[in-house]
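Look at the two complexes coming up: chain A is in both, with chain B in one and chain C in the other.
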Partner chain A sequence: MEDMIQVDRAMSTQQGTKISAKGVQVYYGDNHAIKDVNVEIDDKTVTAFIGPSGCGKSTFLRCLNRMNDTIDVARVAGDILIDGEDIYDPKVDPVQLRAKVGMVFQKPNPFPKSIYDNVAYGPKIHGLARNKAELDAIVESSLRKAALWNEAKDRLDAPGTGLSGGQQQRLCIARAIATAPEVLLMDEPCSALDPIATAQVEELIDELRQSFSVVIVTHSMQQAARVSQKTAFFHLGNLVEYDDTDKIFTNPQDSRTESYISGRIG
Partner chain B sequence: MSNLLIIAIILGLGVAGFVLGRQRALVSAGGDKRNLHSLPIYYGANVALSAILPATGLLAIWLIVQPMAINSAVSDLISDDSISETGTRDLVMADVRRVAEGLDRAVQTGAMGADTSFALDAGTDDVRDTLASLGVALGSDVTPETLAAGQRYRELLGTGNLLKTLAVIATGLLGLCVTYLRTHKDFRARNTVENGVLLLLIGAASIAVLTTVGIVLSLVFNTIEFFRLYQASDFFFGTNWSPSFSGRGQTSELGILPLLWGTLYISFVALVVAVPLGLFAAIYLSEYASKGVRSVAKPLLELLAGIPTIVYGLFALLTVGPLLVEAFGDGGLFGVSWMAGGTAVMTAGLVMGIMLIPFVSSLSDDIINAVPQAMRDGSYGLGATKSETVRQVILPAALPGIVGAVLLAASRAIGETMIVVLGAGAAARLSLNPFDAMTTVTAKIVSQLTGDSDFASPEALVAFALGITLFVITLGLNVFALYIVRKYREQYD
Partner chain C sequence: MTDAPAPSTPAVPPKGKSLLAQDDRTKRRNAAEKRFRAYGIAAISVGLLFLASLLWAIVQNGTPAFTQTFVNLEVALLEEKLDKNGNRDIDDIRKVSTFGYNPLINEALIVATADIETEVEDGDLKKILSASAAAIVRDFVIENPDRIGETVEFRLLTSSRVDGYLKGRVTREDLARDKNLDAAHLDLIDVMVAAGAVERVFNWDFILGADASESRPEQAGIGVSMLGSFFMMLVVLVLALPIGVAASIYLEEFAPQNKFTDLIEVNISNLAAVPSIVFGILGLAVFIQFAHLPQSAPLVGGLTLTLMTLPTIVISTRASLKAVPPSIRDAALGVGASKMQSVFHHVLPLAMPGILTGTIIGLAQALGETAPLLLIGMVGYIASNYPDGIASGFLDPNSAMPAQIYEWAKRADPAYYERAWGGIIVLLVFLLTMNIIAIILRRRFERRW
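Up next is the complex of A and B:
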């Protein structure tokens, strides 16, 4: 296991910055949830956000595709650039942005539709397919990338809610990658899954790194160590430390990081 | 002894039992309530309940059974000859009861001694005149047979009432004593009271259910009576509704089809108005409106449900009808003359639709809110707009529930009366033109039973057949709606 991680690390090549956040502040009403976060997220890399509950890691993740816009009391300040473009610029349409920055949630949330329609939902509303054949192709390739094709190909018309928890979460991942996003945000994608389904999803995340920049929020430090190349540690709304994953876990610079990963706080 | 007094005595026993039971428990615990199994009030309540509940139960059963028993005992005394003279056994029995009551009243007011009242002879004393002077009117002279039956009735009633009083009070005392003696610091009064509470709740629930059964039964018996006088096939398949109140059945045509058609047509128009408006209002309120708007708009919308239907009827008659005539009547805005008068299917349907909006909107709103937030997040996360999310994710997820809401609104529309009476006219006809006056089943039930109606004629009894037809239709719709709503609930809970 340890060897595999080392090999993975060696393979991870720095491909330039995908997302760049500068001085990000988030307020929920009077509550200052994110305090002056600066972070550069690399392309084609898995970046993990770790930290105790309520530290703001999910909040910051939801800033990256402007999901916080759907919450009335949330207010975001500072700059978040994706490919050098400010996503909070008034010119940017949050609806288009979310097609480019896909999201997978904590609990599998397939729509009450067939497996096919679940995956085809995004391509349909964004008009990505010119005809049925292209749509079929998108659905198939998305399900293949999500490692669900073999299990689902014979039951594409069956309701997505009838799958097992792990399959549902992979369906949600397929649904997210069907819109051809550039970044994939995952908010504790394995917390509702059993260990076997978790292993499958983690394997999948590693493969997705070939095509996307993946940002994953996780409660499990082991998971962060297994799947990510870079790790950011959040505490009380501050970004405490952000570095290569092996460095964070073997040689943390900040005493709070060290306390957290050794289990003394959090 | 009057029933009210008996109840008061039982309640008095209950209060006494409460005080005694509480005291006995405390004494057995040496005055320290920490030694008791239950709180002191439970011991009191336990004794009080066992004094009150069995006694009142007995009283209720007695009140139901006694009149039936006396009636059947007395009616045996009446020969078939006297029945054929006056008509039915019921009429004779009514006279018997009135004679008995009249004599009792005479004794009470002192106009007659108790002995003389029992020694009356129908041949020599003019019972009818004597009673008339006391304010009891009798339809015919009192025959010896009626008088004898009346006297027997009085005797039985007197004995019955005495027995009732004794039995009920004895039951109360017995309950009190038995439970009082059982009261001890280790007695589990708390658990026993729990059972008493359960009994009370079951009683309340079964009264509601039994009432429904009673309503259905009263409809069924009268309907059977109606079908004895009128062909069932003519009723269900007749296309003509023209009751005649002068003749006795022969000249009346009582076909339900025109009424059913009017009912369904008006309900259809109402739903066409109410479903889109109510649904869109619900979507706005649950998905788009801010908290402030929602907290004001939702109660305002639900206020519509609190307006009495007669007010809606007036609105239809005075405002909507004339407006529609101005638009669709002769020389109206649209240059067509489809509408002759203000009362029409359209008038009643539109107003009924407005009445139903809060039904549809408030039920749909609850159902849309029950769709998990995760569905919305998933859709927004894929870059869908609000309306795309509503159309493609939320409505399909909420659809079964919304269908249930619509069906409930439909059964409400079918049963609506006042708006139809004032807004749709009274003419029963089969027509496709929504600007024609039509009428519904409910409106006709009202018109068949108001005024002087002879409850033995098919013209009056038809109301019960109409009622039970309507009941079956709305019951079916309700059951279907509940089935759908329940099936939907299982999806997310």
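Up next is the complex of A and C:
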């Protein structure tokens, strides 16, 4: 049954490379955290990064929207192209990049403001709405896409921090998609959530695939198997294997991948 | 677990001791805990005791300063003395100095005490009044020249000895060695109090008035030096808050981590621990001797105190910026906010309660600081005139509340000692108000996440 769904998902995937990384190296001071990673991430696809803790999957994810810039000692080498443009080009302003590449973090981190303001903040600072009506429309459509509209529409002025954990994470997703990004990065978005909230978010991720290229880092191999079409396995800073999700889980090529997914390492 | 040996023996009482009895170790541990709690309670009790005795001493010694003894006296404003030409020319009237008024007041006293049997000679009656009496009458006459020739009732300050007698500070024995007043004066006062001519009332002049010369403690007030403190605090607030907050935001959020910023950090921490008198001598050297700003001016005092307050504000602001969870910064950067937008839209509002509390604590510290004022000449200056406007409030010589208190405390007259305590009450009321404002602001700006 599950296999059928996966096949179905894989079939509906529209091919076309969105992000292409070539020879990416990341150093934290003297620590070589990412070693020569090459990966092509498809558009309108959910790509999962799996691997044991400290393997560099989050680090690599944060390279994709240059969040590593905020860390003084981090240094990135190699090329990362989005739609053929090098995002580490000196001419690129990380602020513009991050509007195009949204991010959802491990722990739900809504601003201590109202639900409305949380979602409206991104469009406001990027000037995506010319008036209040347009802003309202963006907020509504983002909350709808994040499957939060029905729960939140009557309490848009209530603080976002007053929502439950799962709702907060969906609010963060709504906030990330409100700036109309093309890529959505998710750093273990469900690790702080209970199973029911996790299921809701996973369902949401599958829907988001219609409009975005989604890259998700996860600790849970089951989650990777459930939501993703492509899976990359990281180990000790190396990209060990990258292929269709069902291939990785049923017929891994590398012995390390096999050990990890069968629970012998990690 | 499956291959664990099956329990062969049925349930037997365990070898260990019963849970119902405490073993020695537990007993010792519990006893130690009890002792520690007792130490804590004892420490707090001692602290409260000190606080209570301090407050009691302040209130006990300071409250008399808020009341003052006055004499209600009908003074005949004789035309032949005050306006010889009789044409009410204000310049002629001004020519009569307070010496010219003294006989009138003396005459009024003789009339007022005519029915009272007293050993006090007529010429000595004046000693029950403050030396300010003649000036008060003269001011009134200059304001209202048309009242010359009438008999007007004045409320005049009594001398500090009489005031002290009614407050219980001065006794008849004390007067044995006193040239200013005799016991006979006190008998006279007793009669006048009974008749209602002398009364002790709340003294607004203590809170609003100016300092007076050493021999007139009854006239001295803290009002002018309060203004001096106010103008200094304005300078401190306007300079220290923006500079301190801007410096901390830059250091905390934008500055690269390197040797230079480390050096700055260490220096800020050290500056916070530098004795305040050092800032005083720095202020003297830089603002007065180098920049030639006026001495004793609240502007210079404010600048000096700004230097002293800056480290406090920087340290508390950085601490409250650090306390904002990094996830908020990530969230803002993640939706494409610039560094500055993330700081000003998200981090700063969350750090606001801490920043405001730190600032107000810094201000309160500056308000109570005396030592630096000593070196820039704000201590020892007799703050006897109100500034005439904002500019002169900043630039004219003035004192400050703690400097005024110090000044009073070192004057010889015990009446000034009482005023020093009273001044401390005023200062404490200010500090208390500032702390309450800090708490209110904190509550208002505090947001939970």
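Throughout what follows, the second predicted complex is superposed on the first by the 257 of 266 C-alpha atoms of A that agree within 3 Å, B and C clash if a C-alpha of one lies under 4 Å from a C-alpha of the other, contacts with A are read in each partner's own complex, and residues count from 1 in each chain.
Keep this in mind: a residue touches a chain if its C-beta (ideal position, glycine included) is under 8 Å from a C-beta of that chain, and two chains touch if they have at least 3 such contacts.
Because the structure is a prediction, the values reported are computed rather than measured.
Asks: Since both structures carry chain A, what do chain B and chain C do when superposed there: clash or fit?
Replies: Chain B/chain C on chain A - steric clash.
Asks: Which partner chains sit in contact with A:Thr179 here, chain B, chain C, both or neither? Use first/second/both/neither.
Replies: Both partners.
Asks: Once the structures are superposed on A, label A:Leu135 by its partner contacts, choosing first (chain B), second (chain C), both or neither.
Replies: neither
Asks: Figure out whether A:Val215 sits in contact with chain B (first) or chain C (second), or with both, or with neither.
Replies: neither
Asks: On the A-aligned overlay, A:Val76 touches which partner chain: chain B = first, chain C = second, or both, or neither?
Replies: Neither chain B nor chain C is touched by A:Val76.
Asks: Just one of 39-47, 111-119 or 183-191 in chain C hits chain B in the overlay; which is it?
Replies: The superposed arrangement places chain C into chain B at 39-47.
Asks: For chain A, which residues lie in the overlap of the chain B contacts and the chain C contacts?
Replies: 65, 67, 70, 72, 95-99, 102-105, 107, 109-112, 121-122, 125-126, 161, 172, 175-176, 179
Asks: Which residues, counting only chain A, touch chain B once they are in their complex?
Replies: Its residues touching chain B are 65, 67, 70, 72, 95-100, 102-105, 107, 109-113, 121-122, 125-126, 161, 172, 175-176, 179.
Asks: Which positions of chain C touch chain A when the two form their complex?
Replies: 256-257, 325, 327-338, 341, 345-346, 350, 447-449
Asks: Quick one: which bits of chain A touch chain C in the complex? Just the residue numbers, please.
Replies: Where chain A meets chain C, its residues are 65, 67, 70, 72, 95-99, 102-105, 107, 109-112, 121-122, 125-126, 161, 172, 175-176, 178-179.
Asks: Can you list the residues on chain B that touch chain A in the complex?
Replies: The contact residues of chain B facing chain A are 290-291, 372, 374-385, 388, 392-393, 396-397, 491.
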